[in-house]
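Quick notes on the structure that follows.
Each chain carries a letter (A, B, C and D) given by its place in the written order, and its residues are counted from 1.
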Amino acid sequence: AKLITEKTLKDILPIRGLNSHKGNYGRALMIAGSRGMTGAAILASKAALRSGVGMLHLAIPEELNDILETQLTEVMTVPFQVPKGNAKEFTGVEDIMGSLQRSNVVALGPGLGRSKETEVIVERVLREAKCPVILDADALNVLPKMLKLLKKVKSRCILTPHPGEMAKLTGLSIPEINENRIKVAKDFSRKYGVIVVLKGASTVITDEEGHVYLNTTGNPGMATAGSGDVLTGIITALVGQKINLIGAAMAGVYIHGRSGDEAAKITGEYGMIASDMVREVPRIITEIVNKKKAFD
Amino acid sequence: AKLITEKTLKDILPIRGLNSHKGNYGRALMIAGSRGMTGAAILASKAALRSGVGMLHLAIPEELNDILETQLTEVMTVPFQVPKGNAKEFTGVEDIMGSLQRSNVVALGPGLGRSKETEVIVERVLREAKCPVILDADALNVLPKMLKLLKKVKSRCILTPHPGEMAKLTGLSIPEINENRIKVAKDFSRKYGVIVVLKGASTVITDEEGHVYLNTTGNPGMATAGSGDVLTGIITALVGQKINLIGAAMAGVYIHGRSGDEAAKITGEYGMIASDMVREVPRIITEIVNKKKAFD
Amino acid sequence: AKLITEKTLKDILPIRGLNSHKGNYGRALMIAGSRGMTGAAILASKAALRSGVGMLHLAIPEELNDILETQLTEVMTVPFQVPKGNAKEFTGVEDIMGSLQRSNVVALGPGLGRSKETEVIVERVLREAKCPVILDADALNVLPKMLKLLKKVKSRCILTPHPGEMAKLTGLSIPEINENRIKVAKDFSRKYGVIVVLKGASTVITDEEGHVYLNTTGNPGMATAGSGDVLTGIITALVGQKINLIGAAMAGVYIHGRSGDEAAKITGEYGMIASDMVREVPRIITEIVNKKKAFD
Amino acid sequence: AKLITEKTLKDILPIRGLNSHKGNYGRALMIAGSRGMTGAAILASKAALRSGVGMLHLAIPEELNDILETQLTEVMTVPFQVPKGNAKEFTGVEDIMGSLQRSNVVALGPGLGRSKETEVIVERVLREAKCPVILDADALNVLPKMLKLLKKVKSRCILTPHPGEMAKLTGLSIPEINENRIKVAKDFSRKYGVIVVLKGASTVITDEEGHVYLNTTGNPGMATAGSGDVLTGIITALVGQKINLIGAAMAGVYIHGRSGDEAAKITGEYGMIASDMVREVPRIITEIVNKKKAFD
């Protein structure tokens, strides 16, 4: 297993070209949020914007659209209809798929809820996406029903489970996972041909070929609601900027951990909230890129 | 009576373990807010998050859900139905009770309103809660109708009345209370087997066995709308983090008063608002915990 | 005419007593805001809170309630019904009057709109208020229809017109007013028995007995939307804190101008917005009160 | 081609007069925003306020009004009805036209959407506006259908296309435009009698008489969603303050680029978002105006 340090990232984050426009930095689609859990969508979206994505679209149930538009000035929303009462057809998913076709990365899961609609969305994305797919939170919670689809995805996938979600994906108990973090992630990556980001005190990243990376940043203050959503946003933005997937995952967990470390310098570990981490992301990326410039 | 100082808190606030996750820091339920008074719910929730609770659910009437989701990114809401017109059945309370069962602390009262629904909620919580219960504001206003229930609560209770609310709870006049603050609180604690936090210039805390504690922090700038809601949020978060109840009450009033003292350094006493206090909470907790680290 | 300087205010703003609670600092009622103009209500309310009022209620048409609750955490709203279509009865005004009876100051006008409902509200307040009344903006715009009522008000009134509003109140042209600012204000004060705050480059204050005061603070950057609403909020809060009306008007215009001067140090005169002024208010009040402490 | 530098702006931005009121700094109308894209309206409006406009009205579909009122305290909104279902008559446009008559500058396009309604709005504004017109984004996207109207506008126009929008306006390909940026802009300006602001790494400005100006500020971090909306807001405010149109365009692009350069000092190029640029605008304007004062 290789440790992820600032040095590791030197070759991952590129210097921006002078003649670039927002299209050069990707068009990402985030599918996140449901009644009671719009905050997860807000955090993931803000983290993506603060990590440099050119344009971000957020797919959100129409009845929640105003909440998200009020909170996310630089994000465009894609409101979709959710069936009410005993209506069966979830035609709103077509609006999401339409946006997916114009995107170069899609992330899904934060605050989505464990509804029938989430199942439909995850299945459709896995079947139809031609761009990289990042699966988190409730997308992982419904995934056990359709694990085989993972192998059929046209592009590559990153999964970002915490031990509880990994338990559902593997059928193992949480203690079994915590005692064999590297092996569990490695086996899953190989079996399904996906990148796994197994979260925890030292986050483990494994890829399809058996490489293993361990993160070195972060602190217990990050054990707070919304922390994982921020990670999803960072990785999404990096993939959108055409950084290779394993590089984006590595840079993502490193930057996420550092954002928590920087936030803790201001608030301490008790009072840190996920929004504090988002605020720190730009300066951490800049610090890494500037060191690169110094070397070049 | 023992004075509450920074030294007192040295053994109350623990140092966070390296291998912890958000579940280790509690899942709190806040029941607060009504039309015209959502601010109380916002302040109590933000204060809880800024005091380190792992996850916070806020139960809120469905028609107000969007206001709260817009304001509280890291909080999950539990929207519940309130009967309209002459409908009689308040079935929405079951959604609150469902969330209560998955929580390790519940706080109720800030901005709840003095409605029939508030009475139902308070009664149900007192009868059914297996976790500690914190009663404030409008929960205290409806409590006189069901005082006997206090003795039947399965877990322990903290009540945080100001002198006006204490008058309703005891039948005494406000001047009678102000002239005998310690005795009044002590008698109530003994009689009903609850912890009392009697707010005022030096807040008095009394417990079931007759112990008395006096707070030493705070200033007249804290005499502003929403100040009490912040205190409720802080105590809730500390109890959620498994700090014993009397310790949480003591640490809560101390931190709350210090947050007002720090805020006053920036705004002075006239222009301080409750949100300013919330902002100061993390640094005050960190200061106390760091001193502890220095001693250990 | 006497100049208003920091020295003038030394005896106006009291030092807060140690044993005070929010009830000691007033319960103010603000009647402000309409569709398209909720910002005026937000600015006046925030300025009142930042000037030290204990509790603030904002009366607002029910359909706009959520906007205001989202923006104003420490304020309680009083939503009232406005007649739709060709409904004639404006029963919602009774909710406002109910709140008025429990208030010790009322301010009305910012962003109210020039509707029939505004006329009803102004008339009812002038007839029924037992506490001081502050009239601004659209309350002044509808006032010419009921000028005689000014003389029948049970308490005292402060009017805060700019030259355009003063023109409507007096029938004079704007140039006539600008050339005779002191005389025009003085005559109106005497004739109707009210305090007049005639806004402009050096704001003129006149009272019922013919006293004249001129403000010395402010800059052209304050010529921006919402600036006047901030002034109304400051004066309202000071009256709520039981400062005498002429003192509150004098302190209000001085603090308001200084808030613009402080804001301009940060943003300059072009880019200053009314919210910037609100932010500066607490520090200006503290500076004045601290000098007082030094003298005492 | 002449370079736009700080020196160029010395004679463009006036020093504010002591005896001015908000009416002296213009009454601007912004027509922007649609479902999913209210952020563009927010950014353009905030940038206009931060560039010194006296009053700003934002025309917005009624169903989105609450989002904008919640976000834009100092702006007044003009909510207008949009036809639902198969309704054909777009009577809501009359509300916009009513506001247009009371304005001294109108900007339209950011986030408007490419709907039938946008076409109606653009056509009506081009036919009826007596004040300067600024066309951006979706107003440019629908313009090819009515290019001839540009010549009939009663006042003058500024168009702010990026190369993609310029391609639609001219029928040229994006590479053809990028290789002949100056010529393409110059030809369009002459042909239609408008000022063109062709955005890109060095923004090109051309006027009706063949003058060409090149901007010298900005960085690749500005390649982010909403960046163009900020530029539109700045130019709108400057025209509203009666600065001549070519001066406003020149000052606008210079200030916009500098706002990105200042923001990048704080966040770096990756994590910069459009809101960061808005924040920097006032200080940049002040710096320019202060140098002017030093020279005078």
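In the analysis below, a residue touches a chain if its C-beta (ideal position, glycine included) is under 8 Å from a C-beta of that chain, and two chains touch if they have at least 3 such contacts.
The structure presented is a predicted model; accordingly, all values stated were derived computationally and were not measured.
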| item | value |
| --- | --- |
| Proportion of interface numbers common to chain C and chain D (over half same, under half different) | different |
| For chain B paired with chain D, centre-to-centre distance based on mean C-alpha positions, whole Å | 49 |
| Centroid spacing, where centroids are CA-atom means, of chain B and chain C in whole angstrom | 35 |
| Touching two or more other chains - residue numbers and ranges from chain C | 66, 70 |
| All pairs of touching chains, each written as two labels joined by a dash | A-B, A-D, B-C, C-D |
| Residues on chain C engaged by chain B in the complex (per definition of touch) | 13, 16-22, 24-25, 49-52, 54-56, 65-66, 69-70, 72-79, 281-283, 285-286, 289-290 |
| Parts of chain D lying in touch with chain A, wherever the complex brings them together | 35-39, 42-43, 64, 66-67, 70-71, 162-163, 200-201, 220-221, 223-227, 266-275 |
